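For reference, the structures are reproduced in the following blocks.
Across the two complexes that follow, chain A remains constant while its partner is chain B and subsequently chain C.
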Partner chain A sequence: MTSEVVTAPRRQSRRGAAFRDAGPPVALIVIFAIFSALSPQFRSTDNVQNIVDAAAVLAVVTCGITFVLMMGSIDLSAAGVMGACALTVSLLVANNRNDNGFGLLGIAVAVLLGCAFGALSGLALVLLKVPSFMATLGMSAVGLGVATLMFAGVQPNITDTMVKGLAIERFLGFSYLTWIAAVCVLLGWLIQRYTRLGRYAYAIGGAEEVLALSGVKVKPYKVAVFALAGAFYGLGGVMVTSQLGAGLVQAGDGYDFSAITAAVVGGTLLTGGRGGIPHSAVGVLLVMVLTNGLVQVGVSPYWQGGVEGLIVVAAVAAAVIPQRRRNQVVK
Partner chain B sequence: MNALEVRGLVKHYPGVTALDGVDLAVRPNEVLGLAGENGAGKSTLLKALVGLVTPDAGTIHVRGEQVKLRSVVDAANHGIGMVFQEQSLVPNLTAAENIVLGSEGPAVRRGIYRWDVMRRLAQEQLDKIGSPIDPLARTDSLSFADRQMVEIAKVLRIEERSQHPPVVILDEPTSVLESKEIETLFAQIRRLREFATVIFVSHRLDEVLDVCDRVCVLRGGKSVGEVAAAGAVPRELHRMMIGSTGSDDHYHGSAATTVVEEQPRLSVRGLSGASFHDISFDVAPGEIVGIVGVHGSGREDVCRALFGAEPTTAGEIRMDGTRIDLPSTRAACAAGIGYVPAERKTEGMVGALSVAENMTLAKQQARCAGPFVAPKKQATLVDSWIRRLSIRTPGRDTPIQRLSGGNQQKVILARWLVAGDIRLLLLDHPTRGLDVGVRSEVYRLMRELAATGVATVLLGDSLEEAVGMADRILVMNDGRVATEVPCPTGAKPTPLDLVKEMV
Partner chain C sequence: MNVTPRSAAAILSLSLAAAVLAGCSEQAGGGNGTAAAGEATCEPSKVRLVGQVRNESNPYEASWLAGGDEFAKSVGLTQERLTYDGDSTKQQEQISQILAGDTKCLVMNVLPNGDSDTPPIVKGADQAGAYLVTQWNKPADLKPADYKTWLSHITYNGVESGQQIGDALATAIGGTGGIIALQGVLDTAAAKDRFVGLQNSLKKNPGVTLLDQQAANFSRAEALTVTKTLLTKHGDHVKGIWAANDDMALGALEALQQAGKAGKVAVVGIDAVPDAVTAVKNGTMTATVSSDGSWQGGIGLAIGFCAATGKLKVEDIAAANRAFFAEQFLITKDNAGEFAAPKTNPADFECGNVFNRVAGPLT
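The block that comes next holds the complex of A and B.
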């Protein structure tokens, strides 16, 4: 009689794992070298700064989504949550619609709102058993709805110099937003490496049943992971608002897909249990270098969306080659 | 006082009584063996002991005190832990994390990991069993035997929870180990006895007798006796496991087909794949060939390979003398091969679909006119098979998941019969989880099919079943055919003869 506990983890060579981990950084270096050789414009200091600055928001959003992907779930709520948080922060700091001027507190409230959205997605997943795919898609629509209500037909332009300055002013050559992103990546890595939340998120993706058999209550951790991701999206919404100088419903447009692309390209498997924040950071740079480089060597920007889509499908296909098995059902 | 005692434990599942009043007493610091055939109730009993199954009746006592075990944590708090048959470690965490998982204690303070403390806690457990594994190694980078040591170390941590000598349950720990690794494990078990009580479950009776002090035998959900391991021989145990039942009638031996020497229906030569090598055998029309072997012998994979569901690297397969390629299950269906998988619920049927749809799943043309389903044709066909196999179902449109296990299995069997083109039937544990009456019906059906000239390959649910049904038995060991034993009605080998070749 076989017990239905867990299938024995298949043995895999260390070299195989190391090879897979080394893939994305090597690809990043190779692609960077190719574009540098093709275009003097690409390798200029200004452009490198551009690439890194342009990567800031995506890096923060990807940090959030990485924790969800590590767990083996998926999160499509980034766009909606970012929209709602963008409107929230723009209406709370000094702006042309009301007399508020909460500054940093406004930012904190926006981040907390993102956190709340994430927690709701997580609760829908564990309590109502809605698959994360659907729960977060719904939450994205809710976020966009909340944002539209707050927008109320009149665009809130922010006048808070501190918030606006984050995108414009520079420190050591990079914008403040870039430094915020760098701190987020570091923070994300610390959470992943040194907290129970981070390690359990990783373990849930590895073998959830084993955690349950060991007496770990998995559900609170799932909710917490979605809440953490939501907080990152909230911060992402604030950063976009700073860049645009105004609160827009569409602040998070496209970030959901780009963040998943970046995480997957970096080596975080959609099946969970592999990859992490450092991988995702590399993935973000890979995606940004590629989009920037293609423009620099003269490829029409109209191609970008399609190219990004092809990259993510190719990356997923490459990552699952070792796991391909006959008669495996993929849904 | 007994370390652990079970009195009159009963557990019913729909249609099956898994435990029928089991009694068991485990003394402190002894190694107790638990033996029994598949379906004897070993797994259910073990699950009840670690809180994964709630018994319907009966009591469990730990150190004289009656307890209710509602979860694995509950059991751990009473000092009972189990090393699961399929390993239960998180592959992408370190060994240390796995060892302390769920009871991290001082290794995690306010949600923050303290890796040095965790390493030390894990090292303490590993030291107990004298294992040199690096606690910070990723679990999936360890060998299977090492992972088992990690698992034992993990179970030993319950000692810290209950403040009592732990009871460690090992469920078939040797089934996937090399002989050298088994020696290490046995040394480990003897070491455990110094400070713990061990319950050891294995299919291999010689092992059970080798490592245990006492062996308790289960049959049909009841404890049927115990023997002191010293001086006992496997034959004695086996007789207790099988009991005196198993009359030929149960297997409809009188209906066995006489195989006429002619061209074999299936002829396999030198078939090799990932887990089996150089497999050769023939099956004549109307013949039932049983394949027996322990877990990991590769017999399931051979069976799947014959259905095109497992890749092969060498060898050839001939059907009625014609060489065939089986690159896919589709090719196998087209060649007149049918397969009844062991995992009925996940692989055998589509639960939400109706009886009619499940029955015609593989042979759509049988219910279609051109590309369209012909409702009348389907109704006539399905109803006639429901009658012929006496399938008890409210109707052909009932979702198959609402039927009992036995009736589900009959529908799955009918799936291969509806088109009338079946030449070879592969049965992987066809009676798993069925109760005795239904089993007998399935056996009768197999006999009838054989009488019409269908060749059958049977992977029996128990040795007894394989011996009872088969005309000939292949014994597989370690991916190879160890021997072939003729098995005609009236001159059946005993299961014990086969066990010798299996291990």
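The block that comes next holds the complex of A and C.
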């Protein structure tokens, strides 16, 4: 087997590709500029730090989901996996429910648990032929079930200063969680760009048949991609726990769809084979700038949901117009 | 997440079947209901106690079920614990299953998922002659007094609790200064009423100004993000944070800690979840309001048990007790110790005392 990846033939030139990818960053800059003009607080350093800090968890979760989307599958397991991992980590580090105090090891176990959940989703997909939509939805329910069992009626509050400190302590103006998220984005990008796993994920989304015909065993890579995504969700669950200071079953509430939104807004296609980690990172920032900006300029909470939805649709529309011809999502 | 995927066809046909059944059995059912409510008195040991809440994954509903267990134990029975994951369809299915069994001495203490989920539960219980107490949610025009075995509906006055914590917050910041409000899910009665309470409190305390109000949907995580944003928007003008429930108040506390403002801003909430009570006790939070979840879990079963065993005649229950606001308690540093561990008082559940906590009729 060669390490070269067969990429699906593309008709666009390099210049076309650059133009195509420019949509989301331009939208980000435009929206940022509009909010900055409307609100002096919005453009303050404090608020920019706040936006980036608030984006940390979503960025990590979106990193995971991006690999799955690139492959042309979908993953709805984030909420359940994050819940299970949040409870796991909160019960393993120093907390008010038991005498554990495993610290970093506890975090590692939680991430591994996330990884295992992801692998199970992947196995259900390739061995049992369950569509990824259903497999991951089921896995989310399993995760929530496991989390509820561990919850057992008493919320575990963490007392581990290291884990709590990740959200509170700052380095160069940003919380440690933000730096962790930055490392994840970088790591995700490196995996996508330089490892066989990342490049095959891309190729599976672009043209799975071509890849299979050229002798690549696709299935193990699919499972590996889901496992990788699960590990990111697990870390996301740990980060939420650090932020909230407690293990919540609902730790991952809403992250599944926010992450998909962020990835799509950033230019990752739901049909796979297009987009990637840098796109998603831009998407995450876009979503966070939007939620923060609407509060800062003082849009009434009764209007926010609707306004946010409209802007997201407009941003996606603006981002995909250059690739309308190829965009199979718009059917 | 509580998506239970099921084909639309199945749901449609189920609901059709349910509608047909309901239509057919209405007349016959009415007769049964009278029989059960009128003359039957059950042996205490034959009574079947069912407690149903959304899930066990939050401390409030967990304490509800625990309260139900304690009451059941006090009369030598066990409570059947049902949870429906906040899924209305699942709740109806569970109720139908329970009602399909022996309903002669059945007592149900139910937390309906939403207002619109109450009517089918009430109809089902009425036809089966099962004793029912509902809590929190019901449509305004549906009244227990019109039914024989729907004994009571218990809820809490959100306007009052919203105002209580508003006043406590005003006192804590010395009567002057800016506050921010974190609202719940905007289209729920609880969120609306509690916010009206805050507005009443603001009228009473003219020195306090509401700088901003945002929805954080009763969620700790959303409250964290929203509070951080509002803290950067208003900076040191924020002296207090009013949250429509404790989860959001706890999220706000984390946000304050992350912004390096822990202890400098007063925070209030509602619900008295254990962590919030601890926070009030430690002084990190100013106040919360307790509806006493474990009492709620016990009282519904107690009212039903008294009616089923004949110690409480349905026709003797005062009209004002058929649907009422129950007493709620403002928890501050002074009395937080008493609320630290949720526990029930057996005396509250004696048949003569079950309506002792009526604070006013539900209008």
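In the analysis below, the second predicted complex is superposed on the first by the 285 of 331 C-alpha atoms of A that agree within 3 Å, B and C clash if a C-alpha of one lies under 4 Å from a C-alpha of the other, contacts with A are read in each partner's own complex, and residues count from 1 in each chain.
Note that in this section contacts are C-beta pairs under 8 Å (C-beta built on N, C-alpha and C of every residue); 3 or more make two chains touch, one makes a residue touch a chain.
Just so it is clear, the structure is predicted and the values come from calculations on it, not from any experiment.
Of the two partner chains placed around the shared chain by superposition, neither chain B nor chain C is touched by A:C184.
When the shared chain is aligned, chain C comes close enough to touch A:Q41, but chain B does not. In the superposed model, A:L144 lies in contact with chain C only, and not with chain B.
Within the superposed three-chain model, A:C115 lies out of touch with both chain B and chain C [touch as defined at top]. Within the superposed three-chain arrangement, the count of touched residues of chain A is higher for C, of the candidates chain B and chain C. By the touch criterion defined above, A:C85 reaches neither chain B nor chain C. By the touch criterion defined above, A:Q250 reaches chain C but does not reach chain B.
Only residues 1-3, 5-9, 11-12, 14, 17, 193-197, 199, 202-203, 205-207, 209-211, 213-216, 273-274, 326-327 of chain A touch chain B when the two sit together in their complex. Within the complex formed with chain C, the residues of chain A that make contact are 41, 44, 46-47, 50, 53-54, 79-80, 134, 137, 140-141, 144, 147-148, 151, 153-155, 157, 167-168, 175, 240, 243-246, 248-251, 253, 256, 291-292, 295-296, 298, 301-302, 304. Touching chain A in their complex are the following residues of chain C: 1, 3, 5, 55-59, 62-63, 66, 183, 186, 212-215, 219-221, 224-226, 228-230, 232-233, 250-251, 254, 257-258, 273-275. Here chain B touches chain A in the complex through residues 38-39, 42-43, 47, 71-73, 76, 84-93, 97, 101-104, 108, 111-113, 115, 139-141, 143-144, 147, 154, 171, 176, 295, 309-311, 329, going by the rule given at the top.
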